[in-house]
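Each of the two complexes below includes subunit A, the first together with subunit B, the second together with subunit C.
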Partner chain A sequence: MNTNQIFKAVMVLALSGSLTAVAEEKAVTDSQRIEQYREMISDGNPAEFDEMRGEELWKTAGGPKNASLEKCDLGKGKGVVKGAYAEMPRYFKDTKKVQDLESRLLTCMTTLQGIPEEQITAKPFASDKKESDISSLTTYVVGQSKGMKMKVSTKHPKVKEAYEIGKRIFNYRAGPYDFACSTCHATSGVRIRMQDLPNMRSSKKDAQTAYTGWPAYRVSQGLTRSFQWRLNDCFRQQRFPEPKYASEATIALTTFLAVNANGAEYVGPGLKR
Partner chain B sequence: MNTKSMIGFAVSLSLAMVAVPSQAGDSGKDLDAKTAMIVKRDFRDKGIAKATRVNQDELQAACSKYVDKLPKKLKAKLEDKEAEAIKWPADGKFMGDWKAGEKLAQSGKGMTWKDKEEDPRGGNCYNCHQLSATEIAYGTIGPSLLHFGKERGYGEDIQRYAYARIYNAKAGNACANMPRFGHMGILTEAQMKDLVALLLDPESPVNK
Partner chain C sequence: MGKPMKIRAAVKDGMTEVKILMQHDMETGLRKDADGSLIPAWFITEVKAEYDGRVVLDAQFGQSISKNPYLMFSFKGGSAGEKVKISWVDNKGDSRSDEVTISA
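Here is the complex of A and B:
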């Protein structure tokens, strides 16, 4: 058992204990319960292990070019990690693209380290069997924006356009179930089964809370999940085909959601059921 | 101005008046087109969820464009079209087995890229609706269906209504959130009858 596994086991025990205890109080809602266990373990989010792994990866020379990522420009200058995530997605002159954190890391890993893109995008998400470098790097970078205000600028016309396209993707109904993001996330105060759903189209507060808690450690999966993963799994449940990792569609949607969260304090990496 | 250009002017004027801006701004149309291009390019096959699933039918496209608030005429036209396509049970009966219906209502499985083609599909009902009083883990995106028959009666007209609603909710409300379980081939005729029974059998827990 490695540290991560031990932590996971302790967490699950602690959580099941708290759930049994509160299950007896019928007045306690599911979301209150989740809030309760978030508080309980807020001193030790297992995402911290992934942050540490990511930091190590950032600073260690690797790839065919045997380079670290310390010269990677996340928008605030080469190697500046502090506060970078709170201002992403943003427009990058070198790639002439609007990029979210994960697509930008992809750029740095391919250009600075010489790792082939397909090698990274083939399995960009962590699993029980294998950790993901780009996912851990993401966890590290977002942790360096903890406590900062979300400030994604739409001044650049390309970012503004990405926002508009993202809004359209949010409302895009398709597939055998006719679902869009908006089917579940454009009404306030509703839930699926017992799961409360944030209204990310018209509630500023919901949009802020939902966005700033990701990436997050998923207790039920025992893994830290990136924002690209969050979108990927939403589309799965929407009965859509798979969005390509770090594609323009996912970046546009992320831009829409990130801009809607502007003004809120970034609190991730978060902790989810 | 000659006749031809006058006609041209009149046509473009009337077009401008018909074109209701969908998602705001003068560049709305360009952005709609660009979005469609990006979505078609950026999604790929995974398992049974083929990339072609992003291709919208007329109704999906209209509801997306108008963000679920259709102009009256278009709404009525689309609803008629959906209603006409309802395939009614060949034996003229709407009621199946409520017990099988309850099981179906509980299951949210089916048609994601993790599912297999042959996997049994659920009705997803409890995800969005309250049904039996004993099930407290119900969603609230749709209206409560508790006491559905008890409040509306158990006659054939209401059975027919429930069947149509499950087969194609869009026939009654073009941009409803609810999937078109019959129209899109999500559930079989027998399964939809089981769900009608869950709503309208006096013995069903929904009516207790």
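Here is the complex of A and C:
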């Protein structure tokens, strides 16, 4: 090897070294920028408007029975909204079921207000054209747990069972790509496009942040999205059939994720890209 | 009348910082709906802030600003307990005004 060749080899090494350094630096800056952007607008979260709308709906008489939801029991007694979300999903004696917030609201809207279930579940998610009452109610209720610690109890055997089923669904591979939730959410330090993918299987911290920032206002959609929506959209990314709104499977999965978030401060309604 | 804004204003070291969150669709006029027809343009054209009888901010808005716009600005002066009034008008002639009390 003559000096020229050695020089070239060293240059290539140096170049490739600096290239990877640049790439890594960029990856960090991208997520940092998103974080900065979040911080900048964190006290201007448009989800607040949805909270306001939801509170109004909660307190206003409606439905065929012309009743408000103020007698709705979210697990802490009739009408108690404060802190209810931080302890959900939970077991409810009256329905003999483990329920997440959205399925519980469904129960209250059908029993107290007399609204037919199909009418609510036909289009449970908001769109550009139409707001969703159950989604706004959800945003209101979760806002009343902001700053509280997640504390979902698994003492009841039915909750324990739901947790175990949820865990199995999380790791269950199927569909055209043979994907499970864990295909995308059980490795640390990976991302899709600009989105960091939380490792919800083995990182306690990731599991906590992934859960506690939902429901959230999606800036790209201009809408506040519930946790049922989040799951629905991830099942779509997984190329699974669309899950039924507030179905047992989605509640089980929510139980699994909520219990794993225990101990963390609930910070929703959040703000996502 | 437009939907209510959320406004916060706080004075610190002689400067009042105002944070405004507006509720507006801010349609560009370039988007199409599901059946391919154009969604008509509908956006805020002007935002004004008044304090003590004078205009402290006059901003021209346009299509490039997002749905539910957030605006933060500061002005010299202001004291706790006084009011700041924010108003906007949009291209359809709709408008909205809200007031906030400056906090310390």
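Going forward, the second predicted complex is superposed on the first by the 245 of 273 C-alpha atoms of A that agree within 3 Å, B and C clash if a C-alpha of one lies under 4 Å from a C-alpha of the other, contacts with A are read in each partner's own complex, and residues count from 1 in each chain.
Note that in this section a residue touches a chain if its C-beta (ideal position, glycine included) is under 8 Å from a C-beta of that chain, and two chains touch if they have at least 3 such contacts.
Model, not experiment: these values are computed from the prediction.
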{"item": "Superposed partners subunit B and subunit C on subunit A - clash or fit", "value": "fit"}
{"item": "First (subunit B), second (subunit C), both or neither touched by A:F49", "value": "second"}
{"item": "First, second, both or neither for A:G175, with subunit B first and subunit C second", "value": "first"}
{"item": "Touched partner set for A:E161, first subunit B, second subunit C, both or neither", "value": "first"}
{"item": "First (subunit B), second (subunit C), both or neither touched by A:V219", "value": "second"}
{"item": "Subunit B versus subunit C as contact partner of A:R193, first or second or both or neither", "value": "first"}
{"item": "Partner, of subunit C and subunit B, that touches more residues belonging to subunit A", "value": "B"}
{"item": "First (subunit B), second (subunit C), both or neither touched by A:A122", "value": "neither"}
{"item": "Least Cα gap, in Å, left between subunit B and subunit C after the two complexes are fitted on chain A", "value": "13"}
{"item": "Intersection of the subunit A residues that touch subunit B with those that touch subunit C", "value": "none"}
{"item": "Subunit A contact footprint on subunit C (complex, rising order)", "value": "3, 6, 8, 19-21, 23, 66-68, 70, 72"}
{"item": "Subunit C contact footprint on subunit A (complex, rising order)", "value": "41, 43-46, 48-49, 219, 222"}
{"item": "Touch list for subunit B against partner subunit A, complex", "value": "23, 25, 27, 31-32, 34-35, 38-39, 41-46, 49-56, 59-60, 63-64, 67-68, 108, 111-114, 126-128, 137-141, 170, 177, 179-180, 184-186"}
{"item": "Contacting residues of subunit A [partner subunit B, same complex]", "value": "161, 164-165, 167-169, 171-180, 182-184, 187, 189-194, 197, 235-237, 239-244, 247-250, 252"}
